[in-house]
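Right, I'll just put the structure down here and ask away after.
We call the chains A, B, C and D, going by the order they appear; numbering starts again at 1 in every chain.
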Amino acid sequence: MRVGVLTGGGDCPGLNAVIRGIVRKGVQEYGYDFTGFRDGWRGPLEGDSIQLDIPAVRGILPRGGTILGSSRTNPLKVDNGIRRIKENLAKSEVDALIAIGGEDTLGVAATLSDDHGVPCVGVPKTIDNDLSATDYTFGFDTAVNIATEAIDRLHTTAESHMRVLVVEVMGRHAGWIAIHSGLAGGANVILIPEQPFDVDQVCAWVTSRFKASYAPIVVVSEGAKPKDGDMVLKDGSLDEFGHVRLSGVGEWLAKEIERRTGKEARTTVLGHVQRGGTPSAFDRWLATRFGLHAIDAVREGDFGKMVALRGTDIVRVPIAQATAQLKTVDPKLYNEVGVFFG
Amino acid sequence: MRVGVLTGGGDCPGLNAVIRGIVRKGVQEYGYDFTGFRDGWRGPLEGDSIQLDIPAVRGILPRGGTILGSSRTNPLKVDNGIRRIKENLAKSEVDALIAIGGEDTLGVAATLSDDHGVPCVGVPKTIDNDLSATDYTFGFDTAVNIATEAIDRLHTTAESHMRVLVVEVMGRHAGWIAIHSGLAGGANVILIPEQPFDVDQVCAWVTSRFKASYAPIVVVSEGAKPKDGDMVLKDGSLDEFGHVRLSGVGEWLAKEIERRTGKEARTTVLGHVQRGGTPSAFDRWLATRFGLHAIDAVREGDFGKMVALRGTDIVRVPIAQATAQLKTVDPKLYNEVGVFFG
Amino acid sequence: MRVGVLTGGGDCPGLNAVIRGIVRKGVQEYGYDFTGFRDGWRGPLEGDSIQLDIPAVRGILPRGGTILGSSRTNPLKVDNGIRRIKENLAKSEVDALIAIGGEDTLGVAATLSDDHGVPCVGVPKTIDNDLSATDYTFGFDTAVNIATEAIDRLHTTAESHMRVLVVEVMGRHAGWIAIHSGLAGGANVILIPEQPFDVDQVCAWVTSRFKASYAPIVVVSEGAKPKDGDMVLKDGSLDEFGHVRLSGVGEWLAKEIERRTGKEARTTVLGHVQRGGTPSAFDRWLATRFGLHAIDAVREGDFGKMVALRGTDIVRVPIAQATAQLKTVDPKLYNEVGVFFG
Amino acid sequence: MRVGVLTGGGDCPGLNAVIRGIVRKGVQEYGYDFTGFRDGWRGPLEGDSIQLDIPAVRGILPRGGTILGSSRTNPLKVDNGIRRIKENLAKSEVDALIAIGGEDTLGVAATLSDDHGVPCVGVPKTIDNDLSATDYTFGFDTAVNIATEAIDRLHTTAESHMRVLVVEVMGRHAGWIAIHSGLAGGANVILIPEQPFDVDQVCAWVTSRFKASYAPIVVVSEGAKPKDGDMVLKDGSLDEFGHVRLSGVGEWLAKEIERRTGKEARTTVLGHVQRGGTPSAFDRWLATRFGLHAIDAVREGDFGKMVALRGTDIVRVPIAQATAQLKTVDPKLYNEVGVFFG
C-alpha cells in the first residue's frame, strides 16, 4: 500500500504535525509507503513528489509551514486535470490520497473520491476556524495566541498615550479569531464579518471607555464591514504608483473614529505573523491526532471522509457535507461577549 | 441581590478571568452586588471579605493567581463550620455563593447547596484537567504550553550531549499534562499515573532512540509509578538534616535509566512554573465564559450546579455528580500516542 | 528633599522600571519624597501630579507603558512655559526633577538645568536606540526581540508559498532595530535609513535567494529610502475618503519587487506591538539601573547630567552633549552584516 | 585554506549562530573550506569530522544546541593527545582551528597555539557569563530571559498561597544569572556564590516581605553557600537506593526558611531549560558577530587570540589572559541591587 499526501491552500501552523502523524503511524503500524506531493494539487497534477519516510518527518513537529509546500492550484479548473491526476497516481503506484487543506482543497478531494473513484481522505485546515463539522481546526489556537499577545502589548501603548488602537486580525468570512483574541486580550470593541457594525455605536463604546480613564482597543476581523453602506475600499482604484489600493477595514475605521470622536487613533494589521511559526501545544496535539486518525481511515478503507474534532474525540464525517457550509459566529455567542464592550 | 465569590485550592491561571466575568456581567446586566471572600472557604468561615465591583476587576484578565487569595481550608472539618458560614453569609447579606475550585472546594459547595440550603453554583478548577463532566478546565492549556516549551528547549541540550533527559510534569492522579505536553513536545517516552510503567521497557525505548542517533526525552507525571513494586520514595524517611526526603519519580527514574543503560541521564522538575503567570488565550476564553455562565445560573436560580465545557458549549451539571469520579486518561488514547515512543 | 519625576515622548518598555528604581532607592536609602508629574512636561506645566511612594511602584516592574502617562508637550513652545513650570515646581515644593525621555524631553531638561536654574537629571529613552553617549537604551532589546520573533514566524510562511515577505520595523532616522532583528531573524536583505537602497540590488538579492530554493525575507526600517529618487509616499496626497494617504516604504517596496521580479510579495508592518508590553530581562535590568543611578546623581547634586550605559557600567554625561547628535549605524557595521544578504 | 571548527563544554544557545557566521563569511568572502570536528576536542583527537559548507549551516541560526555536538574531552589529559591532534589536523589538511568553548576548551586552544604551533582562534562560551575580558558571552541573555519569565510566573503562585518560593538558577562560581534574573524578576532576595549568605538575614527579608502583605521570591545561584558553615549537601552520602544524594542549595534553603520562620516554602530548580532552545535576539546578534570576527582573526593570522565584546565592539584579546581569571559579581554591584531586598 502506498499513500499520497498533499497540503493545499494557505499556510497554517500544524501542517507538519499532521504529516508526521500520518507517516509515523502508517509506516510503523501498517507498513505503508508514502509519497509526498509538492505544492498541493499541483503535485499530483504534474507528478511532482518527494519521498516521505520516517527520517523525512523527524524534527518537523515544532516547525511552522509545510515541508511539502502549498499552492492554490485547483485541478478542477485545469484542462484534463482529473485525468492527469489519475494518470500520475497510477504512475507513482499511489493507492490512496490524504489531502490536508481548506474548503477548496477538500472540495477537490470530495469530487475525486465521490465521482472519480480516487480513494481520498481529508484533513481539515483553516486558520479562520470556519469549517463546519469540526469544533476546532489546527492553527487557529496559535493564531489566537499570537493575536492575544499583540493585544496585551498594545494595551500599554494605548494607555500611555490615551489613544484608540484598532487591531485588524484575520477572518474574511468568520469572526472566530477576532472574538477569541478580542475576549482574551480584553478588547473594548470586537467587530466581526457576521455582524455589520454601526460606526457611531463603535464611537460610543470608544468614548465610554475614555470616560472611565482607559484607552480603548478595537479588534476587527479583516472581513468585517460597516452597516451604513460606507465603502471600506474601492476595488480597482489605483494609487499614485498605478497599483491597486490596499486599504483595509482597520485603517479605514481608525480614520472614521478619529473624525467622529476627535481622539487620536492608530491601526495595527497583524497580517502573516498570525499564520507562521511554531504551533501552540494544542495545535500540535490536534494536528497530530488528525494525522493518526486520517491514516486509520485509509487503513479501514473509509474514503470520502474527513477527520474532525467533536469535544475531545476525533470523528469522521463525509467531506462533501463538512464543506457545504461555513461555520460562522453564532449571534448568541457574539451577544454573550458583548458584555465587555465599552 | 448580593452574590459571594470565593476561590479555593491550588493556584491556576484563569481564576481572575472567572471572577472578572462574573462581576462584569452580574453588575452590568443584572445589577447585582458582589462580596469577595478571601482565601477560599476561610473567607466565609471567618467573615473575611473584600468588595468586588467593576473597578476591582479591571486589568486582572491577563494576571495569574487570584485576587481573592486561596487556601485549602475545609469547613466540613472545622467545628460548627457550616453554621459559622451560614451566619457570616447572613451577616454580609449574601444571597448566593459562587465557589471556584477543585474537587474539595466544590464538594463543600455541593454539601452546602444540597443539604444545608445555601444556594451555591460551582466553577470547576483543576490544573490537572482530571474533573469529570467537563472536556477541559482552565489553567490546563497554560500548563501544557509551558511544559511543551520546556521540552522544546530540552531537546537541543539532550542532542548536544547525547544524554537522556527526564522531565517531571504535574499530574498526581491523571496523566493529562504529561500526555498532552509529551506529544506536543515530541517526547520519546510518556509515563502516566494510569499506567504503571516497566523500567526495562522505558530503557528499551531510550536505547532505540540512541540507535537512531537522537537523544531521548522522557516525560513523566509526578504521580506515575513503576510496575515492579520499586519504591520511588520512602515516606517518612529523613535525610541528614532531619527533614523528610523529597525524591520524586523523575529523579528516581533518571538514576534507574543510568544504572540500567549506562547512558547519562538528567532530571528536570518543572514544578510551580506550570501553574503561575498569565493564562493562555484559550484559558482566558474558557475561564471568562465559565464566569459569564456561572452568574447566569445564579440569575436563573439553578443552584447545586457546576458549569462545564462540552465541545464548544458551556453546560450545567450537578456538582455532586461532576466530582464523583476522577477523569483519567483512557488506555485507548494512551495507546494511540504510543506510536511515538522509542 | 522632594524630587519630581516625569516621562515624555513615545511609549517604551522599561519606563516603569526606571520610576520604580528611582523611588525605591530614593525613599529607602535617602529618605526623599517624590512627586510624579503626569503626561511628560504637561504635568509640571499645568501642575498635574500624583503621589509617588513605595506602594505606588509595587508590581510595576514587568508592566509596559508608564504609570505617569506621557505626551509630546514642549514647554519651550508654550507661552511662559518655563515660568509656569518654575512656579508649579515651587508650589509643589519640588527641589529637583528627573526627566525620562528622548531628544525632545531631555532637550527641555538641559535648557531648564543649564539656563534656568532648575536642577534636572536626565534618563535617556528611545526605542530606536539612536541616542549618542549610551551603548543602549532600554526598550530597544524588547523591540528587537518582538521583531525577531515575528521574522522567525514569517520564514515558514514565506517558504510554504515561495513568496517575498517585506517586514517594516521601527526606525525613522536610524536602522538599529532593522539591523539587529534582521540579523537575528536571518533576513536576506536589511535596509536602513543611513544607506539609501537600490531597488535593483534588492531584487538581485531576492532572486538569488529564490535560486537557492528559499524564500526571501526583506527587513526594512520605516525610515529607509530608495536611492533612485522614487517617492515612497506623496506627502499631502489624499485618498478617496479625503484622508491623507499613509503608505509606508514596506508596502511600496513589496509592490516594486513584485513588478520587477514577477514574484509574489507581501508586507507586514509590525507597528506599535514593538513598543508595548512587558520589557525583556535586559531592559528591566538596564532601566532599573538607570533609575538607581539617576537618584544618585540627584543625591550628589550632579545636575544637567544624563545617565548612560558604557559597556556594563552606568556613567553620567552632560545632557546637552548627549542629545547633540543622533547615533546612527556605522557603514562598517552595515557592511559586516551584509555577508548574509542574498 | 581549510579551517577546522569545534564546540566544547556545556550546551549554550548561540553555538550554531557562531558556526554559521564563521562559515558564511569564510566561504563567501575568503573562499575558505571548513571541517567541522565533532564533540569538542574528541573530534580532532580521533579524527571525527563532518563537512561544513553553506548548505550545512542553513536554518541553524534559531536553533539551540550545536550541530557539531560537544563533549568535555580534554586532550591535555589524554596520552599523546597533542600529537594525535596535530596528526589528525595534518591528515585533514586543516591549516587553522577555531575553538568555541569555555575556560577548559579555550585553555587547550591557548596551549596548542602558544606552545605547539597549532594556529588557533578562540570564541568564548559560558552560559554563566563568568569569563573575564568580555562584557557578555552569548547564551547568558537567553538564560536570564528564561529565568526571569519563570520568576514572573512564580510571583502569582507565591501571592495566591502566601508562600516563600526559592528559585535555584545556574551559576556555580559566579552569580550573574541570579543577579540579572532576580533583579529583572523582582525577587526579594538574591543570593550569589561571591557572597556567602546569612540564613537569619534571609529570614528577616522574607518576614519583612510578608509584613507588607506580599509573598517573597528568593533567587539563589546553584553555587551560593551559607555563611555559617552549614553543609548544604554531604558529598558522598548515599540515599536509600544507594545513589549519591543530590540536594541543592535551593531545596536546603527552603527547608531552613520553613524551620526558622514557620512559613511554607517551596523550591523550583530551573535546571537545563535555562541552557536549551532558541537563542534570544541579543544572543543571536552577539554569537553571529563573534563568528564573523573569529574568521577575520584567522584571515589576519592573529592566532592565540579570543574574540570578546567591549561595549558594542568586538575586540581581540590573548586567550591565555582572558581565561586566567573568573569574572565575578562586584560587591558594589551586589550592593546596588540590594536596595530591592526585603
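One rule holds for everything that comes next: contacts are C-beta pairs under 8 Å (C-beta built on N, C-alpha and C of every residue); 3 or more make two chains touch, one makes a residue touch a chain.
Note that this is a predicted model, so its numbers are computed, not measured.
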Contact distance in steps, from chain B to chain D: 1
Reference chain D; chain at largest CA-centroid distance: A
Between chain C and chain D, centroid-to-centroid distance (C-alpha), Å: 30
Length of the line joining the C-alpha centres of chain A and chain C, rounded to whole Å: 34
Centre distance in Å when chain B and chain C are each reduced to the mean of their C-alpha atoms: 41
In chain C, residues with contacts to at least two other chains: 152, 278
Chain pairs in mutual contact under the definition given at the outset: A-B, A-C, B-D, C-D
Interfacial residue positions of chain C with respect to chain A in the complex: 10-11, 13, 15, 63-66, 69-71, 146, 149-150, 152-162, 165, 234, 237, 239-241, 243, 245-247, 251-252, 255, 266-273, 275-278
Chain B-touching residues of chain A, taken from the complex the two chains share: 24-25, 28-29, 58, 61-62, 135-136, 141, 144-145, 147-148, 152, 180-181, 183-186, 214, 278, 280-282, 284-285, 288-289, 292, 310-312, 336, 339-340
